[in-house]
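Two complexes come next, and they have one chain in common, chain A, joined by chain B in the first and chain C in the second.
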Partner chain A sequence: MVNAVGKAEVERPSLAHRISTTLYSKPKLRLRLLLSAPVTWLGLVYIAALLALLVTAFFTVDSFTGEIKPGFSLQNFTDLFTNSLYSTVTLRTIGIALGVTIVDVLIALPIAFYMAKIASPRTRGILLISILMPLWASYLVKAYAWRSVLSNVGIAAWLLRPIGLDTPGYSLLGAGITLGYLWLPYVILPIYASLEKVPSNLLEASSDLGAKTFTTLRKVVFPLILPGIVAGSIFSFSLTLGDYITINIVGGASQMLGNLVYGNVGVANNLPMAAAIALVPVVIMFGYLTAVRKTGALDNL
Partner chain B sequence: MAKSMPAIALKGLTKSFGTTKAVDNLNLEIGQGEFFSMLGPSGSGKTTVLRMIAGFEYPTSGTVALAGQDVTNLAPFDRDVNTVFQDYALFNHLSVFENIEYGLKVRKISKAERTERVNEALRTVRLADFGDRKPAQLSGGQRQRIALARAIVVKPKVLLLDEPLGALDLKLREQMQIELKQIQRELGITFIFVTHDQEEALTLSDRIAVFNNGRIEQLGTPQELYEKPASEFVAGFVGTSNIFSAEQAQVLFGKKTKVALRPEKIEVVTRGGNQARVIEVIYLGSFIRLILDVQGIQIKATVDSGVFHRDQTVQIKMNVTDLVAL
Partner chain C sequence: MRISKPAKWILATITALILTVIYLPLAVVFINSFNTSINMDWPPPSFTFMWWERAAQSTGLIDALITSLIVAAAATVIALVLGTLLAMALSRYKFFGRNAVSLMIILPIALPGIVTGIALNNAFRTLLGFQLSMATLIIAHATFCIVTVYNNALARLNRMGKSMEEASADLGAGVFTTFRLVTLPQMLSALVAGGLLAFGLSFDEIIVTTFTAGGGTETLPIWILNNMFRPGKAPIVDVVAVFMVIVSIIPIYFAQRLTANESKN
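And then the complex of A and B:
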C-alpha cells in the first residue's frame, strides 16, 4: 500500500528543516536570535566600558601607595577645571579639531562635487580608488611619512624655501596638516555619497528658474548635502579629538587631550584622572552631536 | 512686426554625441501662443531639441532664437523659457510654496509680490491650499501641477514640457491634458510639449512635429498628420494604419504604389465588397477591431458594433479615395 507519495508523508522532516519551520513561524524568536550577539557585544564592550569610565572618573589614587581608591570624589574634576594646563590643552584640542574639520570640508567639497557630477565614470573610479587607497595603509606609516615630508630637509622645505616660505616643521600646524590628510577620505566619502544622490535635474531646474551657479549651490545643493557634510565632519572632528599619536610624531612638544590621558595612564599612574580627562572629548562630542541633531542633519544619515 | 516674430526659431540645429547625430540640421519656427508638440519615439531627438531650447545642452552647430534674439550660447538662467521636467525635479527640501517662490526669489522680487504671485499660480493649478506641504506629501498628479506652477509663476515667454504626463495613470493624464490646454489658453504663452504619446499630441496641439532619427518627418496640424501622413513612419506612428506594399496594393486595388489606409475607413458591408476572413476580434469598448485576411493580406478594420467571431467570412469595402500614397 505504500506508494512513493505516501512514504514521503510518513518520513520525518530533518532537524534543520524543523528548525527552519520553527524560525519561520516565530518572527520574534528569529529577531531575538539575530540581535542577541550584537546587543551583547554593544552592551558589554561598549556601554559597560563607557559606564566604567564614568564611574572610575570619580575614584581617587592613593598618592603614597599608588593604589586606586574607589569612592565618590570630585577631586579629578576640580583639577580639570582649575588647572590651567587642562583648559589650555582642551581648547587647543578643540581648536585643532575644528580647524582640521573646516579645512577638510573645504577641500572635500570640490573633490566630491567633481567626482559626483562632472567626472566620467572612468575618472570617477580612478579618483575613488585614489581616495580609498591611503586607507589601506597603516596610520603610523602615513604619520611617519608626513614626519619626513615636514622635516627640515624634507619635501615641504625643499618646495617652499625657494618661494620665501618654510616647512611648518613639527608643530601644531604640522600636526593639523597631517591630521587633515589622515581624515580627508572620511570627509570626502559621505559628501560624495550625498552629492551623488542629488539628481542632476534639480541643478537644471534651479538654473532654469533663473538661479546662477553660486545661488544653485547655496540654495539647492548645500541643503541637500548638509547631512553628508555633517557626517564627514563628525568623523574628522571626533577622530582628531581622540588622537594622540600623530601629535607625538609631528607635533613637536605640543600636547592634545589624548596625550594627557596617555600620560596619566602610563607615567603618572593616575587611572581615575585619565578617565576624567577622557570624558572631556566624550562630552564635547555629545554636545556636537546634540547641536547637529537640532539642525535635522542626522535624520537622513 | 514684433507680433509676427516667431517665439522660437531654430536654424540648422545639429547636436552630435560622439559620432551619432541626435539632432540633424533642424529648421523650425514656432509661433507665439502656439501649443506645439514634438512627437516621436524615444531616441528620436525631440528631448535633445527641447534641452537645447532650454539651454541645458549646447548645439554642435546651428542657432536658437527666442523672440528674435539669438540665445544659442546663453546659459539657462539667462533665457526667458522655463521647463516642466519629466519627473518634476521639485526641491524636496522646500515646501510647495517655497518651490514656486524659488524663481521669483532669485529674481529678487519683493516679498509681497512673491506671495501674491505664488498664490495666484497655486490657484491656476487648482492647489490653493497646498502651499505648506512638502512635495513628498503630494500625489504624482499634484506634484505635476506644482512643477507647472513653479514654471509659469515667472511668466516665461515659452514653456517647455518634457513628457510631463508620462508618469501619471490614464485617468489623471486625460484630466491633466484638459487642464494643460485650459491653462495654456488662459496664459496665452507658447507651450512646447514633448511626448511619445501620439494620442496626447493629437488631443493637445495646434501643430505637431513628428521626429524620427533626429529629423522632422512631418510638420503639420493634427488633422494633416492623421489624414495625410507624408511617410510610412508617420502613418505608422500617428494613429493606427494599414500599410500596404506596392505588391499588396496591386492585389487589392490594382495600383502599384505603397499606400496607407486607416482602419476606420474600412466598412463591413453585406454584399459587394472584398471577401475577408476574420482572424481575430478585439473588443475595445467604444469600437471593435477586426483583424482580417484578404487574399493572404492582413488588414486591420474598425467597426462600431456588431457580433463577429473568428473564421467568419465578411464583406469589406475599401475606397480607393481613402488611400494615402506614401
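And then the complex of A and C:
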C-alpha cells in the first residue's frame, strides 16, 4: 500500500487517470456526460422534427412555384374539415380501425381464455410461442402474404368458390382482414396477460355463490380483464390509423389517411398539408388514450 | 366457475382454427416461392427451384440486401451506444426531467410510423436542407432502434444493482476501469440481445424507410414494395419474402434465448 502511494507520487498520473478521478468525485458531471450524446440525438433529430411538423402544418405552399411559405395559416385545417375527400377518408379510416379492433378483440377473447385458463402449462407455452412467432416476421411480408391469399387465383378463391363464396379480393374488406391479421397477436397478448392474473379461486367462489358460467364471465372476469382488452385495442386502433402500406397492397383503389399523407409528401409535394393530415391520427390517439386512461389500461402496455 | 366439456372443446377448436389462419398466409408464400406458375395460381401446378436461383443471381436484389445489412448494422451500432448511455443514466441517477427523457425514448416507436416518417422527412429536407440518402435512413432507423437496446440494458442494470460497481470503486478502480471490467461484462448478453432486436427491427422496417431513404437507396423491403406490383415479379418477391422472414427470425430467436436464459438464472 505504501509502495503504491509512493509510486503514484513519483509518476505523474496519466490523463485518463485524472479524468477518471474527476468523474468519480463529480456524479453530476458523470450524469451530464452520459446524457449529453443520446439526449442531443433524440432532441435534435426527433423532438425537433416533431415540433417542426406541428409548425409546418400551419404553413402553406405557393401553388405556382411549389415552394413552402412559412407563416401562420389555418388553410390546411380548413381544407381538412371542409374538403369532402379528407372527411370521407378520415371517417373511413376511423371506421376500419374500429372494425378491426372489435373483430380482433372478439377473436382474441376465446383464444386468450383457452390459453390462460384451460390449456395445460405445456400447451400454454407452445401456444404462446406460436402466437409470438409471426410477430417476428416482417410486417411487409405478412401484408404481401395476404395479397397472395386474396388474389383471384389464390388460395382463398380456391377454398371459397366450391362453397359458393368468393375471395374478397383487393378491397376495403381485404384490407380490413389483413390489418386484423397483422395486429391480432398484439391484441391477444395483453388480454392473455390480464386473464392469467385472474385468480382461479375467484371464479370458483363465484360459482359456489350460485353464479352461472356466463354470469361469472360477465360480472367477475370481464371487469378484471377490461384493462387488458383496452390495452390490446390501443395497439390495433393506433396501428390501423397510421397504416398506408397494407391498404396499398390489398386495398385496391381505396385510400386511408396514410395514403393522403404519403401522396402529399410525394406526388403533390405539399408537405404542410401532409403535416396537417398526419396530426389527425395523433389527435385521435390522444383522445382515445385520454378516454381510456381511467381503466388503468396504460399501465398494461 | 365450471366450464363444460363441450365448451372446452369449442374453445380448443377456435384456438386451433385461429392458429391455422395465423400460419396459413406465411405457408402460402413459402409454397409459392416454389410454384411453377408465374401468376401464383393455387394450387401450384408443379414445383421448381427456378425462382430461388433467379433471386440469387439478381444483382439489384443483392445490392438491396447489402444496403439493408449496412443500414441495419450502422443503426444498431448507434443505438447500442446511445441506448447504453441512456440506460446507465436512468438506472443509476435520479434527476429532474427523468420521465421526459424516458418518454422521449419510447416516442419514436409509440407514435404511428407515418408520423415519425413524415416528421423526419420534413426535418431532413426542409429544416436541415439535406438530400435524402442512406445517411438520413440510418439516422432515422437508429432513432427508433434506441428503445430496444435501452429496454434490455435498463432491465439488466436494475437487476445487477449497484453493489458490484461500488465494491469496484472501493477497491480503487477508476470510473472507466469499473465500466470495462465490472459493468460491461455483466451487461454484455443484454446488449447483444438488444442489438439483435434492433438489427431485426431495422432490417424489416418499411414505413419510416419510405419517407427517409433517398431515391438511390433501395433496402430489401423497398425492393419488395417496388417489385410487388410488377407483372411477372411475384415469384421472386415470394423468394425474398421467405428469405426476409428467415433473416429476421434468426437474430430475434437468439435474442430471446439470451434473455430466456437470464430469467432462469
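Operating definition for what follows: the second predicted complex is superposed on the first by the 244 of 301 C-alpha atoms of A that agree within 3 Å, B and C clash if a C-alpha of one lies under 4 Å from a C-alpha of the other, contacts with A are read in each partner's own complex, and residues count from 1 in each chain.
The working rule: contacts are C-beta pairs under 8 Å (C-beta built on N, C-alpha and C of every residue); 3 or more make two chains touch, one makes a residue touch a chain.
Everything numeric here is computed off the predicted structure, so don't read it as measured data.
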Taking the superposition on A as described, I'd like to know which of chain B and chain C A:Gly252 touches: first, second, both or neither. neither
Would you check which partner chain A:Gly169 touches, where first means chain B only, second means chain C only, and both and neither mean what they say? neither
Looking at the overlay, what does A:Ala274 touch: chain B (first), chain C (second), both, or neither? second
Touching partner for A:Gly99 - first (chain B), second (chain C), both, neither: neither
Have a look at where A:Lys219 lands relative to chain B and chain C in the superposition and call it first, second, both or neither. first
Classify the contacts of A:Val39 with the two partner chains as first (chain B alone), second (chain C alone), both, or neither. second
In the superposed model, does chain B or chain C contact more residues of chain A? C
What is the contact status of A:Gly263 with respect to chain B (first) and chain C (second): first, second, both, or neither? neither
Between chain B (first) and chain C (second), which does A:Ser206 come into contact with in this model arrangement: first, second, both, or neither? both
Can you give me the overlap between the chain B contact set and the chain C contact set on chain A? 204, 206-207, 211, 220
Chain C-touching residues of chain A, taken from the complex the two chains share: 16-17, 19-21, 23-24, 27, 30-31, 34-35, 37-39, 41-43, 45-50, 52-53, 56, 68, 107, 110-111, 113-115, 117-118, 127, 130-131, 133-134, 136-142, 144-149, 151, 153-155, 157-158, 181, 184-185, 203-204, 206-207, 211, 213, 216-217, 220, 238-239, 241-245, 249, 258, 261-262, 265, 271, 274-275, 278, 281-282, 285
Which residues of chain A touch chain B in their complex? 199, 201-202, 204-212, 215, 219-220, 223-224
With touch defined as at the start, can you tell me which chain C residues reach chain A in the complex? 1-4, 7-8, 11-12, 14-15, 18-19, 21-26, 28-29, 32, 37, 39-43, 81-83, 85-86, 88-89, 93, 95, 101, 104-105, 107-108, 111-116, 118-123, 125-127, 139, 142-143, 146, 169, 174-177, 200, 203-204, 206-207, 210-211, 221, 224-225, 228, 234, 237-238, 241, 244-245, 248-249, 252-253
Chain A partner, complex, touching residues on chain B are 54-56, 75-77, 81-83, 85, 87, 89-91, 93, 102-103, 106-107, 150-151, 154
